[in-house]
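These are the structures, in structure tokens.
Two complexes follow with chain A in common, the first pairing it with chain B and the second with chain C.
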Partner chain A sequence: MREGAASKYVTRFIMYAFLIIVSLISVFPLYWAFISAFNNTKEILGGRMIPSVYLIENLKNLFAQQNVGRAMLNSFGTSILQVFLALAISSIAGYGFEIYHDKYKDGLMSILMLAMMVPFVAVLVPLFQFFSKLKLLNTWAGFFLPGMATPFLIMYFRNSARNFPKDTIEAARIDGLNEFQIFIKMFIPMMQPTYASAATITFMNAWNSYLWPKVIMQTADSTTMPMLVSNLMAGYVIDYGVVMAGVTLCSLPTIIIFFLLQKSFTNAVAGAVK
Partner chain B sequence: MTNTTPARKKHRFWTMERKQSAAGWAFLAPASILIFIFSFWPMFQALLISFKTGKPTALKYAEPLWRNYQYMLKDKVFQQSIGNTFTYLIIQVPIMLVLAIIFASLLNNRDLKFRGLFRTCIFLPCATGLVAYSMIFRTMFELDGMINGILLNLNLINERINWLNNPNTAKAVIILGLIWRWTGYNMVFFLSGMQGIEYSIYEAARIDGANQFQQLIKITIPLLKPIILVTGIMSTNGTLQLFDESMNLTKGGPANTTITMSHYIYNKMFVGAPNFGYAAAMSFVILIMVAILSAIETKVGDKR
Partner chain C sequence: MKKLVSLLLALCLLLTVAGAMAAEDGKITIWTWDPNFNIKSMQIAKELYAKINPDVEIVIEEVLSEDIETRVTTAATSNTIDTLPDIMLCQDNSFQKMVMFYPEVYANLTGKYDYEGFPAGKLAYSTVDGQNHGIPFDAGTVVATYRTDILEQAGYTIADLTDIDWDRFIEIGKDVKAKTGLPMLTGQAGSIDMVLIMMQSCGASMFNEDGSVNFVNNEACKMVLEYYKTMCELGVFAEVNSWDAYCGTLANGSCVGTINGCWILGTVMAVPEYAGKWALTNMPKLPGVEGATHYSNNGGSSWALVNGTDIDLALDFMKMYRNVEFYNEILPTTSAIGTWAGAKEAPNYAADNEYYGAPIFATIVEYTAHVPANQTGAYYYDARGALGTAVTNYMLGGDLMSELQAAEDETNFNMGF
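Moving on to the complex of A and B:
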């Protein structure tokens, strides 16, 4: 008996030690990037693990080299617009597919789901040609148009519409609300957590997207934050303090959202399989 | 339902039912049209472009039509990019999914203290942008960088390793980065799946003397099969489209030994002499690979 209890303590100790090590490895690169924004190249390469005094200098150099304000504006502008448009268009579609479903709408839904399997590179060439023909290169609209309706968001809202009580709809109809008003006045307020989750994941994806903006945002004025950060390593002499300051500025918005809305974000990620 | 209100005129076209169905169509139309315009139509266009050749402004049908596809058989860099991408896929995806299941089953234990803290830490890398973490990993693994410094101090190596300039270690760094970035993401799927499993099953198994590992093999994995399948398909799909890491962490080098398919396609579109026809042909090959691999995984998953 005593031996059993002892081995139980040993397993428990190993389990905690393992989880602590895994957690440290998970957090370390980000921690190190953030404190490295305070350090100069020599300290960063040397592996200094605590902040030094070069934050202001790094930021000054970063702002001197790159148009950070413009890139921030572009990233925030495109991401926020994409969140609003994608949520509006995809949520009403998910609602429509679920509440009014019949065999034709279900059939269309399964076809749309196939789009989830289409790799983005497979449509890159025609999309680029299409957007240059429409004169949408280097515009915010060019950035968010392809992401406005995603099969994932439609599915996500369709699943949540399944929990929208039919009685509520019937009662609202008797009260004289039309179908659109029911969606606006009943569904949206009731599904706020779903909207919050969808908004967090859409914002993160939009903010971090890189291939598509790199393809269509070709001028210096239309650069987004990930592209700006990528440019910091393009020169022959790399100032790692500046790179880490850029990485920190680029990561802060999504990290803040992660900590404020972790539950929403987790639900959105897990929502893909529910 | 159509005749529930007898007061209504018999041959009225806009019945309640039809009105509601039409509203449904109106609601789902914008999103559906957008998906057709930005996904299905370009996919079809890509197939047409893949038979063309010439400058982007003057694309003509190639002769023979399958010339771009023929060229792939001779294109060593494209073949290398396929090889690299599949190396990432075969090594990274299984390691990541196994780790994710192990972490999830450890965190699913209700007696565990600090569960929330552990989960937050392991999930945190998902909040990092792909370009941002590529930059961080690149800096850590520089020749005169921090990782080499630590390994030297611990006497684990005798001289600095040129991680990013050696084909094998450069690939290893990319795989390490991918595992770091995506394990927590997949863990969340498994955790949410495990919440659907009655906790009493585990308690009963524990009373019967089953240890953590046995619980994982005998209870968790069989019950999570559908979720394992979905994460497997998503990871395969994502890995075949890798771009940001190849572009920023290793820049495809040394000598194209880490370049991914998407990165090579991007190069063919915008670097040097643009060749849209060839880029489209290669992208169509990726599309077919994704479709075949997903079909295989679904089949295998069904049988088990």
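Moving on to the complex of A and C:
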């Protein structure tokens, strides 16, 4: 009995030790970037791991070199619009594919799933041609339109709709609700964790996207935060303190959004696994 | 919900209309990177040009070099060249590749721009089939710069490292290492900047003039690799893990000096406490090799003009890059060193640099004139990658000839042979 208990403690100790080490490894880059925002280039290159006194100077230089306010506005504006549109369109599509499914719609869904396999770089050129002909270069619309409905999100909402009780739909129909009302008044409130997690994923993808914005957003006024951060890395002499201040500023919104929606996100992911 | 959807659609429409690009006459759009260097230089050119032609609107956009290449590729393949600017900066090592792949984008400037005073070595980077497509800007002229206080500890001066060959350099390096414990040079492991600098110093390239890859029969390349390995084994050259670590060795005094493109001086001079403790000279040359010099190049960039745009206006503006006043003004604010020989007439070039206490910029322009030309071609980065692997394997004990053969085969494969 004692041996069994001891073995249990040893297993648990090893497990926790492993998890702590992995957690530290995961958190370390973030810690390093955050701490480095307080240091100057010489201290960063020297491997200083504790904060120094250069945060204000780094931020001052960052704001002097780059239009951070404009980049923040562009990133927030495009990301939020993309989240709203993506959630609205993908959830209706996912709901429709599941609730009204027949063999034709299932076939269409399979084609959509195939689209997930096509890397974005393969459609970059025709997409750019299309958007430039529509005069959508350097516009928020040009940024978020390609991401407003993704096969992944449609599949995600379709899988969630499977857990939506069919009896509830029948009962609602008997009570006189039309199909749109059922979606708005019953599906959306019940699927809040799914919406929260989809919003988190979409926001992070939109905020961090780089390849598409860098070809479609060509002027200084349309720069996004990831583009701004990569601009800081250009040149013969790199001010690493300024770079790290930029990286920290760029990471904060996604971290805040994730922590705000963390509970719903884990609920939805756990639900999806079930 | 309906209201929300309508609002979003209206907003999209508004943003679309508001942000639509407008191509205007009398306007020059420029893409370049680095606010403290290229962009600042261009802003000075813009201010000077405004005195000559105040009606022209010049817009400078910050775009990374790799992003410029991505946008050129996207625009050329989607037949939307009109989305490109009038002028864009291009890394010298990529210039020939971009012109060869997208000739419809890059304007042929032969006979349209006055190239007198630009060194042949620099012009070669943007020349394809004898036609010039670029206007040279900054020099990547190689300088050797050393900490004089450390050299003094070992009983040497900067004169002992001037006009020497690599045999003598290794001899001094061994002695300095024994007396101070420091390597003479450092470099990023896996990067072959030093190897290519040494090769170009005697006019050798990774490619023959006909564009074919040249490793196996490249005697200079073999000799350089042998010297490089010897220096690493003796601790005269210390390889470090990353570019940041390399910059760190210059900032924290864990090496005697560096041999690199002159743009490295910005990193060197970023440490105020070492002011007055650095000196600059030419690099060692390969002994017994015909055409070997003390001069080479690493980095640098040139301006390209885009076909289909207002070339005449852009060319008129680019006359600024043959203007002594322009080079005089950019030097103190950006440390950008031009390749145009006329630049050395600028008073700031002749003046002593405060950090070095010597007229280093005039010296660099002088070095630039002697840099041998280099063949880069369309597959420069493929060859560079293959040679990098060969160098790493050779350093780990691989056979030199087998590694060079493998590098040549890999590059040929990438070139489609």
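What we mean here is this: the second predicted complex is superposed on the first by the 238 of 274 C-alpha atoms of A that agree within 3 Å, B and C clash if a C-alpha of one lies under 4 Å from a C-alpha of the other, contacts with A are read in each partner's own complex, and residues count from 1 in each chain.
Simple rule for what comes next: contacts are C-beta pairs under 8 Å (C-beta built on N, C-alpha and C of every residue); 3 or more make two chains touch, one makes a residue touch a chain.
None of these values were measured; they are calculated from a predicted model.
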| item | value |
| --- | --- |
| Fit or clash between chain C and chain B when superposed on chain A | clash |
| Partner chain in contact with A:Pro119 - chain B first, chain C second, else both or neither | first |
| Partner chain in contact with A:Tyr100 - chain B first, chain C second, else both or neither | first |
| First, second, both or neither for A:Asn231, with chain B first and chain C second | second |
| Which of chain B and chain C A:Thr219 touches, first, second, both or neither | second |
| Partner with the higher number of touched chain A residues, chain C or chain B | B |
| Contacts of A:Tyr9 with chain B and chain C, given as first, second, both or neither | neither |
| Which superposed partner A:Phe18 touches (first chain B, second chain C, both, neither) | first |
| First, second, both or neither for A:Lys135, with chain B first and chain C second | second |
| Chain B versus chain C as contact partner of A:Tyr240, first or second or both or neither | both |
| Partner chain in contact with A:Asn208 - chain B first, chain C second, else both or neither | first |
| Overlapping segment of chain C (options 240-248, 276-284 or 348-356) - the one that collides with chain B in the superposed model | 240-248 |
| Chain A positions touched by chain B in one structure and by chain C in the second | 44-47, 124-126, 128-129, 145, 211, 214-215, 230, 233, 240 |
| Complex contact set, residues of chain B against chain A | 19-21, 23-32, 34-35, 38-43, 45-46, 49, 56, 103, 106-107, 112, 117-118, 120-133, 135-140, 142, 144-146, 149-150, 180, 184-185, 188-189, 191-193, 211-212, 226-227, 230-231, 234, 237, 240-241, 243-244, 247-248, 261-262, 265-266, 269-270, 276, 279-280, 283-284, 286-287, 290-291, 294 |
| Sites on chain A touched by chain C in the complex | 41-42, 44-47, 65-66, 81, 84-85, 88, 124-126, 128-129, 132-133, 135-142, 145, 184, 211, 214-215, 218-220, 222-223, 230-231, 233-238, 240 |
| Residues of chain A touching chain B in the complex | 11, 15, 18-19, 22-27, 29-30, 32-33, 36, 44-47, 89-90, 92-93, 95-97, 99-102, 105, 108, 112, 115, 117-130, 145-146, 148-151, 154, 178-180, 183, 204, 207-208, 210-211, 214-215, 225-227, 229-230, 232-233, 240, 243-244, 246-247, 250-251, 254-255, 257-258, 262, 265-266, 269-270, 272-274 |
| Contact set on chain C toward chain A in their complex | 1, 4-5, 8, 11-13, 15-16, 18-21, 33-38, 61-65, 67, 70-71, 74-75, 77-80, 83, 244-245, 247-248, 251-252, 263-264, 266-267, 270-271, 299 |
